[in-house]
Each structure stands twice: as C-alpha cells, then as structure tokens.
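Alright, structures below, take your time with them.
The following pair of complexes shares a single chain, chain A, combined with chain B in the former and chain C in the latter.
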Partner chain A sequence: MSLTAIALRVLFTYLFMLVLLRLSGKRTVAQGTPFDFVVALILGDMLDDVYWAEVPVSQFVVGAGVVMLAHLSVSCIGFVSPAFSRWVAGVPCEIVREGELCPDGMRQERVSPHDVMMELRQDSIDDMREIRSLTIETSGLPGVLFREWAKKAQKRDLDRVRAAQEEAQE
Partner chain B sequence: MELQELLLTAARGLGVYLFMLVVIRLLGKREVGNFSAFDLLVALMLGEVVDEVIYGDVGPAQGAVAVLVIALAQYVSGWLSHLDHGMESLLEGKPTVVVRNGEIQKDGLRKERMSPHDLMAQLRLQSVDDLREVELAVIETNGQVSAVKEDWAEPVQKGDLKGPEAEQKRRDTGGQETPPPDKQTTAEKQLK
Partner chain C sequence: MKAPLWVALMVASSLLFLYGVVFGLGDRQVMVAPPEAVTEGFMRSLAAHRYPQALPFLSDDLQKRTPPGDLKAFTRRIEEEHGPIEDVSGEPGWMKGDRAGAYAVLQTQRANDVKLDFQLERSEGAWSISRIGGRNK
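Take a look at the complex of A and B:
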C-alpha cells in the first residue's frame, strides 16, 4: 500500500469529518447530550478502516454520511418538537432541593448520596444546606444554584461589607 | 463498490444509529456526562462495536448482542452503586484524602501514586495557591481533585452581612454554623 495513498485517504477523511462536524454546529462536548458524544465516537471509529484501505472510501462516505444525516435529522426534529427532544435528550433532573437530597431524582439518575457529596466537594462546597438546587442537566453535567444567603457578596453589597468590617474592627 | 453494497451500508448505518439512540437513552445521562475513566471506556467500547456493524464485518445480531451486554452491565453496576454503598466502593472506589487542614497527607499521595508536584498542579487548577487555606483536598473516584477551603478562606456570603439573608440563614441552619454530618461534604462518613 503506497504511503501517498494512505496520506491522501487520511487527508480526505479529515476534511470530510471537518465538513460534517461544522454542519452539525456543535462546539464542545459539554454543550451536547451524551448521545452527541457517542455519535462522535462512532464516526471517529469509522475512520481508521479507511486509512488502511480495509474499507472502500465510498462505503465510508455513505456510512458516515448516513449516521451524520440521521443525527442532524434528530436534532432538527428535536428543535421543532419539544416532546421529542425530551425523549431523546432527557430532562434536567433535580437531585438536591433546599438542602435536602431528592430520592426520586437520585433514583432516576441512579445517583447515590456519596455521588452527591462528591459533586458538591468538586464545587468547593462543604455545606449541603447552602444549596437551593443541584440539577443534572441533559448534558449529564451538574448545575448548582445557591440559596440567597449562601451567594457570594456582590459589589452592590459593598456598603454592608464595609459596615461589617467596621463592626469587626471594634 | 457496488450500489447494492452501498445501500446496505446506508441501511446498517441508519439501523445502528437508531439502535444506539434507544440504548443510550435507556442508560441515561449518568453514563456519559460526568465521566469516570470507566464510563469513558464504556462509551468507547460501544462506539467500537458499532462501527464494525456499519461496515458489515459483523452481523447485526452479533453487534446487537455485544452492545446490549455492555449496556446491561453498565446499567446494572449503576443500579448497584445507587442501592448499596458497599457495592459502590467495590465498583467505583473511595475518595482519597490528600490534604487535611493545610497538611499534605503522605499516605494519601502514596495510595494515589501522586507526587506533591502533581498535587500542587491540580490545586492550582482549582485556583488554590496557599495550602493553608485548604481544609480538605480529596482525589475523587472519578480522578478529579476537589479542594474545600477553610471557613476563613471562603468568599464572603450574603448571609455573613447584616440583613434579610442572615435571618434566612439562621432559619435554614437552625443557628448551627457547622453542618450535621449528613449535610457536611467533608465529614468522615462521607469519605468512606
């Protein structure tokens, strides 16, 4: 197998994948749903058979093209129909509410109390009571919302911070 | 390549896509969103099996069986971890304490085969430049380092200032500054 042929096939598949991915519009893994990630893996896996000429380029174009087309269609349908989108991507699921664990949410996501503690530690939170809501988003990543009193002081609170400072110095 | 072969490839591509859509949907978000090394490996395994089916090197029935077995194993281990802490420790491991009250825990580092240099690098990623500020740093079961700061090093909260938030805080915490072990992420029992 000539080295030039390999180089050409690699270059072709690289450009092909670039075009496909740009068409899909997704930028990062975190933005997508788990399924976006799996599709990316499948497409990536299909490439190496082409490099070593184990599979004809035409077959790769058709296979990868169909997978990407199907994925785009699903995204489009999801955009048009919220119900469909909910089925494909799932819904955000609350696992902590107002300082308390949500057993229903935890069961749905098959998350244990230890997992919750780990999530909180990763956000530098040591007190679960500070949480208004901890939700697992459709991307699988957790989103934390704090209770009002646990939010960091903002610039609009400067007067009160100064007052507290003065008090502390007395 | 013959048209017929290409059409078959297209059909297999579509079939595989729809099948994977259902499987991933049933497995849920946990399997992919917050990766541990193993979750990533499972995602790779699934992708790997599937591509052979699209190219027709492996029959759809065989491919389906492989995918379903991987998916089922992952699903079951997820449930077991959720239900029983002993199983969870076995399947996922336990967090390792590497810093406690500003002091590096050498045995923790040894267990994780991590050098103090690596640790400092990880802590920098968490915006920690002063070890003394760290009440607890832990290497979680997914390999990430989490750092929880000492009370005096934490940012000022609205509840620390005079005002309605402080009132609400008193109500929500019952006046107790330190959370009970169930609510304290750094409590001993949460790390076991």
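Take a look at the complex of A and C:
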C-alpha cells in the first residue's frame, strides 16, 4: 500500500470528519451526554479501518453519516420533547443537599460517601456544610451550588464593605 | 434543526465526489481497497476460520462456485502443511486495467513468509478475488 494512498485517504477522512463534527454542533466534541460520548467513540473507531484500506472510503462515509444522522435526530427529538430527552440522557441526581448526604441519590448513582468526599476534595471543598446542592449531571460530572454564606467574595461585596466603612467614618 | 439535512447533503456530496474519483478518474487503490488489502482481508478471515465472512472478498462468479466448505478445506491444507496462521500481510503485485495480481504473505507456526498469489478483477469500482492461487515460490 503506497504512502501516497494512505496520505490521501487520511486527508479525505480528516476533512470529512472536520465538516461532520462542525455540522453536528459542539455537544459531540464536548461529550456532554452518554450518547455524545458513544458517538465520538464509534466515529473514532471507524477511522482506523479507512486509513489502512480495510473498507472502501465510501462505506466509511455512509457509516459515519448514518451514525451522525441518528445522533442528530435523537438530539432534535430531545430538544422538542423533554420527556424523550429525560429517557435518553437521564436526569441530574442530587447526592448532597444543604450540607447533608442524600442516600437515595447516592444509591441511584452508586456513589459511596468515599466517592463524595473525593469529589469535594477535587473541587477544593473541605466542609460539606458549605454546599447547598451537589448534583451528578447527565454528563456524569458533578455540579456544585454553594450556600450563600459560603460563596466566594465578589467585587460588589468589597464595594459594600467599603461603603459601610466610609459611612462608619462619617 | 437543519443539521440533519446538512449532514445528509454532505454525505451525498462526498459519495458523489468518490463516485467521480473512482469511476471518472479510474481510481483503483486510493479511495477503494487496493488488491493487496483485499487479499489480506480475505486471508485474515480464513486465518480466523470465519469462512462466511471471507466470501464477500470473492468475485460474484467465484462466490457461486465456492461453497464455504471449499474455503475450510483450503485453510486446512495450509495449516496442515505450514501450521496455524499467525499473521497475514498483503503485498501488491501487478495491475493492468481492471485486472490485478496480489500476494498474501503468511506467518505460520512452522514457516515464515508463505506467499500465496491471487488474481483479482475490478467490478463496479471495487476489487474482488477472481482466482485463489497457490504458493508463490
């Protein structure tokens, strides 16, 4: 198999995938849901067969196109039908609420207290009482909402303190 | 919401481009599996004893004349003579118009570089095996 043939096949599939992923939107690249992740895996695995001419390029085009069409169709239906979206992608699950562990949510996501503590440490949180809500999102990543008093100071807070200091001095 | 339409259009455009390259420009080994890749794929299927999966590598005419039992017997003869097939690689041979020759080089338990030659023909843009050859010394 000539190096030129390999180079041309790789170039074609690279350009094809570039346009395909661009058309599919940012979700496939971000792998936000399990289905986005699966599509990315499938497309990545299909490339290998084309590079080494194990399948004709036309078969790859049809295969990759059908996978992406199915994926986009699922996304569009999910956008129109929240119920379908919940069925496909699942729903976020709360595992910590108001500083306390939620056993039901932990059981559903098969998350142990050890896993929760690890997650908190990775987010540099050393006190669970700071957390208003810790949710496992449909992407599998945790989303943290802090209690009001635990939120990081912002510029408006400093402005309020300065204003109060100036009032006190007057 | 128009994304599926754009993807379908892109797939159709790509297939049209490939059709032009294969049938218009007469590409025989870039956008289609070249003869050596076909022979390698065929022999890999036989080495894995996946005889129904090996059949599509044969031309329509040869498929009609070759029951899966023949492929099994062919594989068994190789294994009896040289040992189980451990690896296969395809090598290009000659190419003239819509006919070509290619080789499958087998690494077996008892022998290295057992070279089998095949003849292929191109039909509807794709190569397929028209004659399963013997050992090329």
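Just so we're on the same page, the second predicted complex is superposed on the first by the 153 of 170 C-alpha atoms of A that agree within 3 Å, B and C clash if a C-alpha of one lies under 4 Å from a C-alpha of the other, contacts with A are read in each partner's own complex, and residues count from 1 in each chain.
Note that in this section contacts are C-beta pairs under 8 Å (C-beta built on N, C-alpha and C of every residue); 3 or more make two chains touch, one makes a residue touch a chain.
All of these numbers come straight from a predicted model, not from anything done at the bench.
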### Query
chain B versus chain C on the shared chain A, clash or fit?
fit
### Task
Look at A:58 in the shared chain and tell me whether it touches chain B only, chain C only, both, or neither; answer first, second, both or neither.
both
### Message
Just to be sure I read the superposition right, which of the two partners does A:134 touch: chain B = first, chain C = second, or both, or neither?
### Response
neither
### Query
Of the two partner chains, chain B (first) and chain C (second), which one does A:23 touch, if any: first, second, both, or neither?
second
### Task
Scan A:2 for contacts with chain B and chain C and give back first, second, both or neither.
second
### Summary
In this superposition, the partner of chain A with more touched residues, chain B or chain C, is B
### Task
Check the residue A:102 against both partner chains and state whether it touches chain B (first), chain C (second), both, or neither.
neither
### Minimum distance between Cα atoms of chain B and chain C in the superposition (Å)
6
### Query
For chain A, what residues appear in both contact lists, the one with chain B and the one with chain C?
55-56, 58, 62, 65
### Message
Which residues of chain C touch chain A once you look at their complex with the stated criterion?
### Response
1, 3-4, 6-8, 10-11, 14-15, 18-19, 22, 29-34, 36-37, 41, 90, 92, 126
## Note on the structure
In the complex, the residues of chain A that touch chain C are 1-2, 4-5, 8-9, 12, 16, 19-20, 23-25, 52-58, 61-62, 65, 68-69, 72-73, 75-76, 79
### Message
Please output the residues of chain A touching chain B within their complex, sorted ascending.
### Response
33-35, 37-39, 41-42, 44-46, 49, 55-56, 58-59, 62-67, 70-71, 74, 87-88, 90, 93, 98-99, 106-112, 114-115, 117-129, 136-142, 147-154, 157, 160-161, 163-164
### Query
Once bound in the complex, which stretches of chain B touch chain A?
1, 5-6, 9-10, 12-14, 16-18, 20-21, 24-25, 27-34, 43-44, 46-48, 50-51, 54-55, 78-79, 81-82, 85, 88, 95, 126, 135-136, 138, 140-142, 144, 146-149, 155-163, 165-166, 168-169, 172-173, 179, 182-186, 190
